[in-house]
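Beneath this line is the structure, given in structure tokens, with notes to follow.
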Amino acid sequence: MIRHGIPQDLTKYQNKAHVLVEAFPYLNRFRGRIVVIKVGGEILLDQQGAENFARNIALLNSVGIKVVVCHGGGPQISSLMRELGKEPTFLEGQRITCRDTLEITSMVLLGQVNRKLVSLVNKFGSQAVGLSGVDGNILQVRKLDERLGYVGSVELVRCEPIQMLLAGGYIPILSSLGSDGKGESYNVNADIAAGEVARSLHAEKLVVLTNTEGLYENFDQKQGLISEIDLSSLQTLKEQGAFSAGMIPKIDSVITALQGGVSTAHILDGRTDNVLLLEIFTQQGIGTMIFP
Amino acid sequence: MIRHGIPQDLTKYQNKAHVLVEAFPYLNRFRGRIVVIKVGGEILLDQQGAENFARNIALLNSVGIKVVVCHGGGPQISSLMRELGKEPTFLEGQRITCRDTLEITSMVLLGQVNRKLVSLVNKFGSQAVGLSGVDGNILQVRKLDERLGYVGSVELVRCEPIQMLLAGGYIPILSSLGSDGKGESYNVNADIAAGEVARSLHAEKLVVLTNTEGLYENFDQKQGLISEIDLSSLQTLKEQGAFSAGMIPKIDSVITALQGGVSTAHILDGRTDNVLLLEIFTQQGIGTMIFP
Amino acid sequence: MIRHGIPQDLTKYQNKAHVLVEAFPYLNRFRGRIVVIKVGGEILLDQQGAENFARNIALLNSVGIKVVVCHGGGPQISSLMRELGKEPTFLEGQRITCRDTLEITSMVLLGQVNRKLVSLVNKFGSQAVGLSGVDGNILQVRKLDERLGYVGSVELVRCEPIQMLLAGGYIPILSSLGSDGKGESYNVNADIAAGEVARSLHAEKLVVLTNTEGLYENFDQKQGLISEIDLSSLQTLKEQGAFSAGMIPKIDSVITALQGGVSTAHILDGRTDNVLLLEIFTQQGIGTMIFP
Amino acid sequence: MIRHGIPQDLTKYQNKAHVLVEAFPYLNRFRGRIVVIKVGGEILLDQQGAENFARNIALLNSVGIKVVVCHGGGPQISSLMRELGKEPTFLEGQRITCRDTLEITSMVLLGQVNRKLVSLVNKFGSQAVGLSGVDGNILQVRKLDERLGYVGSVELVRCEPIQMLLAGGYIPILSSLGSDGKGESYNVNADIAAGEVARSLHAEKLVVLTNTEGLYENFDQKQGLISEIDLSSLQTLKEQGAFSAGMIPKIDSVITALQGGVSTAHILDGRTDNVLLLEIFTQQGIGTMIFP
Amino acid sequence: MIRHGIPQDLTKYQNKAHVLVEAFPYLNRFRGRIVVIKVGGEILLDQQGAENFARNIALLNSVGIKVVVCHGGGPQISSLMRELGKEPTFLEGQRITCRDTLEITSMVLLGQVNRKLVSLVNKFGSQAVGLSGVDGNILQVRKLDERLGYVGSVELVRCEPIQMLLAGGYIPILSSLGSDGKGESYNVNADIAAGEVARSLHAEKLVVLTNTEGLYENFDQKQGLISEIDLSSLQTLKEQGAFSAGMIPKIDSVITALQGGVSTAHILDGRTDNVLLLEIFTQQGIGTMIFP
Amino acid sequence: MIRHGIPQDLTKYQNKAHVLVEAFPYLNRFRGRIVVIKVGGEILLDQQGAENFARNIALLNSVGIKVVVCHGGGPQISSLMRELGKEPTFLEGQRITCRDTLEITSMVLLGQVNRKLVSLVNKFGSQAVGLSGVDGNILQVRKLDERLGYVGSVELVRCEPIQMLLAGGYIPILSSLGSDGKGESYNVNADIAAGEVARSLHAEKLVVLTNTEGLYENFDQKQGLISEIDLSSLQTLKEQGAFSAGMIPKIDSVITALQGGVSTAHILDGRTDNVLLLEIFTQQGIGTMIFP
């Protein structure tokens, strides 16, 4: 078998080589390190975006980065509640969670969102394994506020099952439920859970995917996009009320992680294709980077 | 600190010692071995029975037996379907599973039954971790029959995530969903899944908990309770039509396991308290034991 | 092959299950831990009691408890001395040990008592291995008192050979001889040796088998059986002269062990069948427990 | 610290992401695998090309590919010979190597070429370690032809020192000297040495860098550039005399490697920047690929 | 601190260097290998010879040779029997062993000979550990001949306790008692035991120390000292009746070992100082070497 | 096969045994320990002495001592310089090293001296592997003095490649070149390099071979040979100017090593056969021993 070619001008491919030359030091730096990625239920609403996200996750894993995904499922929970004749109610941005709502939340998170994320990632290998914070009492919680019902505040993270799966080359995908250790499950804010998990795992990075380009100094008018900010400046801005209510748990998640030793946190636009690859492997400034 | 006692007649406690003398050889024999236990969704309908089951599972784990639980959730699935306005339909005993039914099945199995079993066991420790056959493509399936829709037939069992958790001292609790590896999930008969998992894990025992005392030679009239039976006799009885339709998947599960090298299989009455402890640690003949 | 049974009332076996439910937490707690058991030569005088003791030792080992037996051989030594025409003499309860007596002691301990204990335990497996404190200079001693001759006081315990055997699943059975490291052997009190060995091994428990039900506050009249006592109360009682001369080495052994970090010590009646199983695996208060 | 950015159009960076998506599967496939790269002394004649080569080597190593470099030093040897007043002579393309010439060859290969390659690669880390085939008798040789003097034919490759360095994350850079095991060193053709080393290491790839674009079917007129060719076609072409004398050792090296189980061999143009990165991590057809 | 010396003529020490140059290849060859040494009770009758033997054993161990000593105790057993008023009786060279004789044998072997050998070796370190074939049922035996009483024939050697001690750097010293696994001990010929142990341990060498210079072709007249002999010639000589009755068990021991894969066996004169060092580390032909 | 021998008088070989009895404790003490040996290029000028040295190195390695050889090549460098028409020049005993001289130095050290030492040692096995301080940037240097040109002062020793080879049973032979980590090589005094390497490796011994019998208190007249000296006395003598210029780097090497934790240093006469064996394995006082 002989196949002929024509002499090639390889100089036109040098840009490819330069991307690799740019990317490889990051590869080397992040291989074996843990990156915790928070994603909302919205990711599943756009099938193509969801597949792109899943392929990114699988690629990160394939090059030796230890990826942990932490997800919520707000839109899907509200949708099933309405289908079952229950109107969602909120108190200061948190879902009021009676026992029925908890059951619906659990079914949506574990039976819908988690399973679908696992299935999507596993199209690119067999590496994703779904967990919830109830498994192995990973997220040990206590009741946050009587008025909210079964909403939990994280007291303790037991990382062993996550670390065991990471050591085996798997990608743990964690639903934000918690357990009180006495047989009762609780709804946990997924942003908060991601920050706690990143801290406990001594992650290298926490990435919070959201639907804005990053943090703005004037959030309402989306003006003053922040490219980099340190932790104390972020806390100052938060105290000044710069951020919307929906952004607060993400800010708190970032603060928890950085205070706990995570090297950098990132708030990125989850609607951009390949945003994870671009953030990790290029020098492009993307979204908002927060450092200690 | 001094506390006085009165001289005791320890002879009256010798029966305790004799139970231990009886039990310890089994302990020694089964420590480090894998026991796969199939349980139906019915187990959760009786809170006290469910707790007793969970405590038994935790005790087996605490003495070094590697326990894998495989569960279904028939009654709960039908119940949620009706709540959402869908009437369950069956073909030759198998649930016809359209896409909506699959979603409901997934939500019930993962979000209800699995999570509750995990929570109950974790009241006695933090060792249970829920999985489904979609995780890590543990149960790789293909469509069983076009008429049944999303019902899968097991083609391959990938044991690594289960073995990793067992090696870490955890109790994997597996929902009987499968994956086609291309992003689609399937409903899998839980009895069949248990047999396949037992075979793949080279389990020592498969225990199928059901709501009869064991196998009867005349099943309709519950006459002729079978205490022990070998594999070929079981296959003969099956061919003679001795068993009811509902018993057939359990029989097939046992056959799969024993043909695959599992040492013994047991069909036991799940309604009896401590039936697992009694079967494993005493010389009492309980339910039906099937051997190769 | 089909064997039929009759439907059983398993409720009548629930007491067996309850014994296991009571015992398993202890199993879990003591597995992998070291229990040092002191036994006198008297144990061999009753063949049935000796077999019961050996079976208990083998059972403890079979469930993963690391058992070390430390024994003496008083009656047998005196008996052989008389057979060889020498009258045993004692000074303050200690055997005066000339060179001939030392040879006799060595022959009885190693050639009779140790070998027979090893043989009895090995009827229930092949796990016992006999040692003396001369092996690997396990018990390094110096002369205790010129008037006593070859009676040694323990200066150093070298645990390695014992730990190596324990790690291999064996049951070391140790004769209470010691070595001065210069080629000379010495007689060592077996109670004292047991306490020193328990301390050096960081044992979980020291069990001293004797022929009373435990400690009595008034030892002479065997009144006031002590069920539990702490270390400082025990020392006070000892200073008050509450204990007989024969009991003093056992008390000292317990003190050595507890001061060295052993969790609990027990003085039990070696004449009771299964006293080891009952002490370790039941909630029955047995004999005297001493805690730090 | 706050640094602002302007909202970015990340779509323009998607081509970077696509390069990574293209490259990562290769990364995954070649990580931990061995790639043997043959390079001539010419590489050092162009400082910039040499640095580019060294950076490529360091990048491959940094992403987990196990790189072994095998080099010659023809131009430098002839140059030093002339400086010392000796005229190079050749027989059928092989350098006639008297004892003095061997000393000069050894000094040039080890003291000049090897050391400079090591130094250049170590500018990008500290990973390169120079070796010759005399070290650990890696290349055990016998005299090839009396007329050639100290020119060796490889009889045995002892890989241990190379594998030890690879396991430690180092990049072995091997000079093509050999040893007869009796204290005598020999000059070895570097192409041949590379093929033997690739075979012995069970390398995944052998890359022979040369100064043409690849193999031509008509080598003299550089017509008919071969893109892919299988081993038997290559052997046929060789027998038909298609290749120049200088190309023969490279062809033989490829044949040795592929017959010994190396997956693919490549003849590439060493003058092209980043040719190693482009070959390994892109789908561009580059140079000539030979497969078994 | 300064200490002056006078210029030395080191050439006069070159003979020391030559001994080392001669010895080191043997060191290298035997390090980590097992050498089983059979010694009779006679060794203890000469205190200086016994110390020399013990120092040799300790030296072999100190340079990494794994030494196992297997001993009997004939003279000492007969002596204690007479002291206790029993006359030793023999049948075809084997001691008739009633139960009392067995007890005496056990006491002498374990309590006298073994302990003293252990003590002597431990003067040069703490490495010797005494065992008997009853420990861990190392020597599993059955009754050899009803007429002989408690004399055992080796059925099975369980090496684990010996190998565990060797792996830990200890020197196992084994008394030739065996066990029937049912609680009964038996007297075993020490020569035979040594051969069986050497075979089971896949020893490199079996050394049988005796009180002649080696094997003679004409044993009675001690003529025709055999320097080397192969296994089949040895068997032929044995069949021709060349050897005395006392030599037969030694011959059989050698045959067992060599047939079981031991590389060489040696019959050496135990009365010669340092005979073990000379045999192993010099090229001197010593005693009789038997090879397969 | 039978070979006869004549009865031997083994007493005449007892002196061999006594050498071993003397040597084995040293074997035991130095096995697994690192000995760094500095040798000059002069060693190669006498072929027989070189072979004797190589055999000694191979023997030390064969008995488990981890040997590192560090060499220079003064005479050979000057010789090649002259051959290439350059006159060697020195400043305060250090060679002035322009770029050309560096190239010559590198070629001589790596291509001549190192390769020949490796070849000689490998005649006695395949264990020697040549390295220079440029490999893996083992010797990281900075320029010592502008006037000296490419002469480096050691800033950091990276031991990993050396330790990796030692762990694999190899003998690293190190040329005294260094690297500035930016691609430039430097000449390093071999005595100094040896001391730095010994310190970094936590060597047990540093042996500096030279061509005198040791240190003299009056070096010029070679009077007052010092047998033993402690570090502070050595420093005092040095400050008093007792030593010749050529001896100073050796003295400094010894000081560096001892201050860094090396147990003893030795200055020995490299012209004496087997001087390494005699120093390490006998009680003869040889050369000068320096201790902390």
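Here the chain labels run A, B, C, D, E and F in written order, and each chain numbers its own residues starting at 1.
Here, a contact is a pair of C-beta atoms (placed from the backbone, for glycine too) under 8 Å apart; a residue touches a chain by one contact, two chains touch by 3 or more.
The shown structure was predicted, so the numbers you read here are calculated from the model rather than taken from an experiment.
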| item | value |
| --- | --- |
| Greatest separation from chain D - chain, by CA centre | C |
| For chain A paired with chain C, centre-to-centre distance based on mean C-alpha positions, whole Å | 59 |
| Chain B and chain F: spacing of chain centres that average the CA atoms, whole Å | 70 |
| Computed distance of Cα centres, chain C from chain B, in Å | 44 |
| Pairwise touch network: line, ring, star, complete, or other | ring |
| Complete ring sequence of chains beginning with chain C, oriented so that chain E follows | C, E, F, D, A, B |
| Partner chain F, residues of chain E touching it in the complex | 1-8, 10-11, 13-14, 16-17, 19-25, 27-28, 31, 55, 59, 62-64, 213-214, 217, 224-230, 233, 269, 272-275, 277-278, 281-282, 284-286 |
| Residue numbers on chain C that touch chain E, as the complex places them | 83-84, 103, 106-112, 114-115, 118-120, 122-123, 126-132, 134-137, 158, 160-161, 164-165, 168, 170, 177, 179, 181-185 |
